[in-house]
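First, the structure itself, so that you have it in front of you.
Labels run A, B, C and D following the written order; every chain starts at residue 1.
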């Protein structure tokens, strides 16, 4: 639990120096910073994918999953319609760029505003419903958003084809399939822009969940009746949690729009909403980094397992067993689904990140006790 | 050998142990009461005996008619002739009176006929097709007792059957308990806070406090021992 | 309206508009069952009022109705002379009316300090506050620590609430109620499930906070020893109705109370 | 402070507006039926078949939800498996439709046993969200397994001769398999109703829904009943899959599409009410098929082509649900306090 706020245990304070305590206190932003700039180098390693193109989407989906976890992990609300806000972010930005020739920043700001207003209005209608009803109603509103985009009102959304042409900001340059940002004479890799933007988004979420507002959300998740008895207006907190989570999702959507050079209808499907649930729970809704881990594993596995063909044991150099897995692993979702089911049954809020933490903690404890014994 | 024999029973919940060695027994054809203030462990004892989901039994023995109850699942106790009238009645709210009774009879070894029950509880017969949620507290309590009785048990465990009921109804329930004990030779273990009710129907009384039986006495002794009533029952 | 009376005789109450906490004709029905039946109550400022009655008498439902955790079916509620019948539950702590729960209701996964700190924060910022800037840990910690000190939980401030002992959970519940900075405090069986040693400690704690903070207290309690020793006056409930109200001596002497609640020893059957 | 009003507390004093709405509906119905009788009958029947298929899935969902408190997202996958198993029986092994009609649902029932024993029993008495999430993962697994075994391309099977012909109703022709679907669904629904309301087994199941532990104290072995009801629900969903697969074919997307709509049916009908599920299934099937027709009728009368929204039929179930839940928070026949 302590991961959320990086609480410093009182017995640790004596041990850590002041510097270490600052690191401990800000370990979430520091971790996030390290994370966003290491995703591409890591996935590009030969042992893993050998290429880094997927890193951009991984980062954006991490942010999207983290925005979703404001609801599921911190407030305890399960939404089946979160894709709606990712989609609004992408669509409104694309409409601004392609249909009104407005600059990217303005389009994106309008996108966040629209997402916020839509989320606020929906939340006011449904925030007080029981969890099953809440999930079903978010699903209904999400489906409605998909319908509207598909209906192509006023030729804005482009129907089934989505918005493809003219939806890239002027400061994006493409060379041989790779995107570069060119701002005021500087030119740098699009990946760094995504990393910085995602980092800013993660920082906002971190600040949100550690703020008094965010801690109140956790209290509501833990015991709604007690929260009310102690003077907390649970309804308004839920409404604003839903709204802010929608705005951050739209922010991820705006970045995704540039990354994919347009908005596609698939962003608004129930499947997208389902994927973000799967990622978040698989990664561990209990932790700030849980959904990020889940998004990474999900998207990485998609590329890695689909490419994976032959399993050689124990080592490439000494092949004793050679299994052709290409036929099986192309159905990678089956195995991730299995992992997901096991995670929910064994420890529903822990996920991969919780498992990773407890393994690390055990190892540290063992080293400590060995050192003490010696 | 006693009909019900509980020895050294320890039990508790997630939040901590509640029973620290309860010893009690019920003989055939006897009405015994288990007295104690709130939180003393009365309902926990009852639930431990019948094998409820909570509490967890941590140690001790529970024997009914020679059978080790700890080996039995909660749905296997009724076939042994042990029946529970739980705290708060727990009638199936959407089922009618007759359905409540039929359900119990369906799963008993040698049930009474429904007419036997109507004879004992004529007021229930008049409302046989009414869902139990539409009945008053007293009527629901009658139904809960009737539901136990129709399984033709050897022993009924009753958990505060007079809770929140008007004096007239309390009298009626007292007479029912005496009646089923007298006419049908059913033993009753009665959990009560109301000493008057316990003294009216039971011959022998256990007093439980902080998870242990602290006293076992006759009605006469209980009547006389004001200090004990003050200390353990707050009376 | 109840009689305007000094409240000397058992079964009578002072004027609700003079009282810290009051109710007239308060009623709560569940389907066919009347759990709280036309209850008049008026607890003067600074009084410690015990509510007793057999199981199922409607004591907790009375608390739930007074705090609007359950909307009353009829009647009015008053706080410091002001009518609050329709004030929502979450606003009442901000007006000075707080409560603890019979079962241990806590924010289970949070630490002891966090449990109290969130209530302090709520008490200072209102039923809703954006409070997006700042750090949830540093604000209001001092006040929360002070309260934990006063209930004797300082050493356990970093313990997760669900891992506390039963007695400490009760303390934490009281600490959270105190953190709302109440003028009127309702305690629902603060000693239930505790051993005699812990019961004594909690009783002392209740007495201390009442004296230190000048609280008006209303308390559901089964232990007659505690009730007789600490309460100024006692209200006896039976089947949802007020049977009698008076000083411990008056209530003990009341025949009706003897019959209905205390076991009716003299009653012949 | 609390300036936000709580939704869903509307009054019942809208009789005039209601009367207006009903009379407009009636008028449009009559107009549609008169101007395009063939299409009207087609749509009514289409809605009926579609709605009944939804009811077949919703029955199992509703039972599992009421009895075990689990929102079984994998129930749609069982429905899909029914269709694919019938394909395996009929197209691959060459078994007759009539045998597949019985055998495929039974095999689905077996899969149900595996799911119940392998996963769901660990989730009883847990947070309902966990059940929803775990079964969501299961449906993903079954979906991928289906894709791996039978491929991603749509499949179809040939209905037997007697059902493949059309039946001439004068104004339109109806495929007999659709009428057969209606017949089977009605029989199944009636049988489930009788089982639950009229038998001792059903009595013990109803008691278990209300207070599981008390029923066990009275000697009911609830576990056995839970498993049987789960398997029954799975089998019925499988049967629905066979009927749907035979009538219009199958693909791997039918899982998600139908489970979501079946949930909509359960929620609109009111969680815990079988009768509500039946009514809601027919309501949703009917509105999904009739709304496009009504809108096109309205468009042709008023000459406003914009009314004729393409693809509106797919959205109607959700709109119905939003409206129903905002007006009646527990659905049409839902009970107080259930899963709130």
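Everything below uses one rule, namely that a residue touches a chain if its C-beta (ideal position, glycine included) is under 8 Å from a C-beta of that chain, and two chains touch if they have at least 3 such contacts.
As the structure is a computational prediction, the values presented were derived from the model and not from experiment.
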item	value
Label of the chain whose CA centroid is most distant from the centroid of subunit B	A
Contact-richer chain pair [B-D vs A-C]	A-C
Separation of subunit C from subunit D, taking each centre as the mean of its C-alpha atoms, in whole Å	49
Cα-centroid distance, subunit A relative to subunit C, in whole angstrom	44
Computed distance of Cα centres, subunit D from subunit A, in Å	33
Sequence positions of subunit A contacting 2 or more other chains	233, 236
Subunit B: positions in contact with at least two other chains	none
Multi-partner residues of subunit C (each touching 2 or more other chains)	90-91, 127-128
Residues of subunit C defined as touching subunit B within the complex	31-33, 54-58, 104, 165-166, 169, 189, 192-196, 222-225, 239, 260, 262-265, 267, 269
Complex interface listing, subunit B residues touching subunit C	15-16, 18, 37-39, 133-137, 160, 163-167, 171, 174, 193-196, 200, 210, 223, 229-230, 233-235
Of all residues in subunit C, those that touch subunit A in their complex	67, 69, 89-94, 98-99, 101, 105-111, 114, 117-119, 121-123, 125, 127-137, 139, 157-158, 160, 176, 179-180
Contact set on subunit A toward subunit C in their complex	1, 5, 7, 9-10, 207-208, 210-216, 218-219, 222-223, 225-234, 236-237, 240
Residues of subunit A that touch subunit D when the two form their complex	78, 124-126, 128-133, 135-137, 139-141, 143-144, 147, 150-151, 233, 235-236, 239, 270-271, 274, 277-278, 281, 328, 331, 333-334, 336-338, 340-341, 344-345, 348
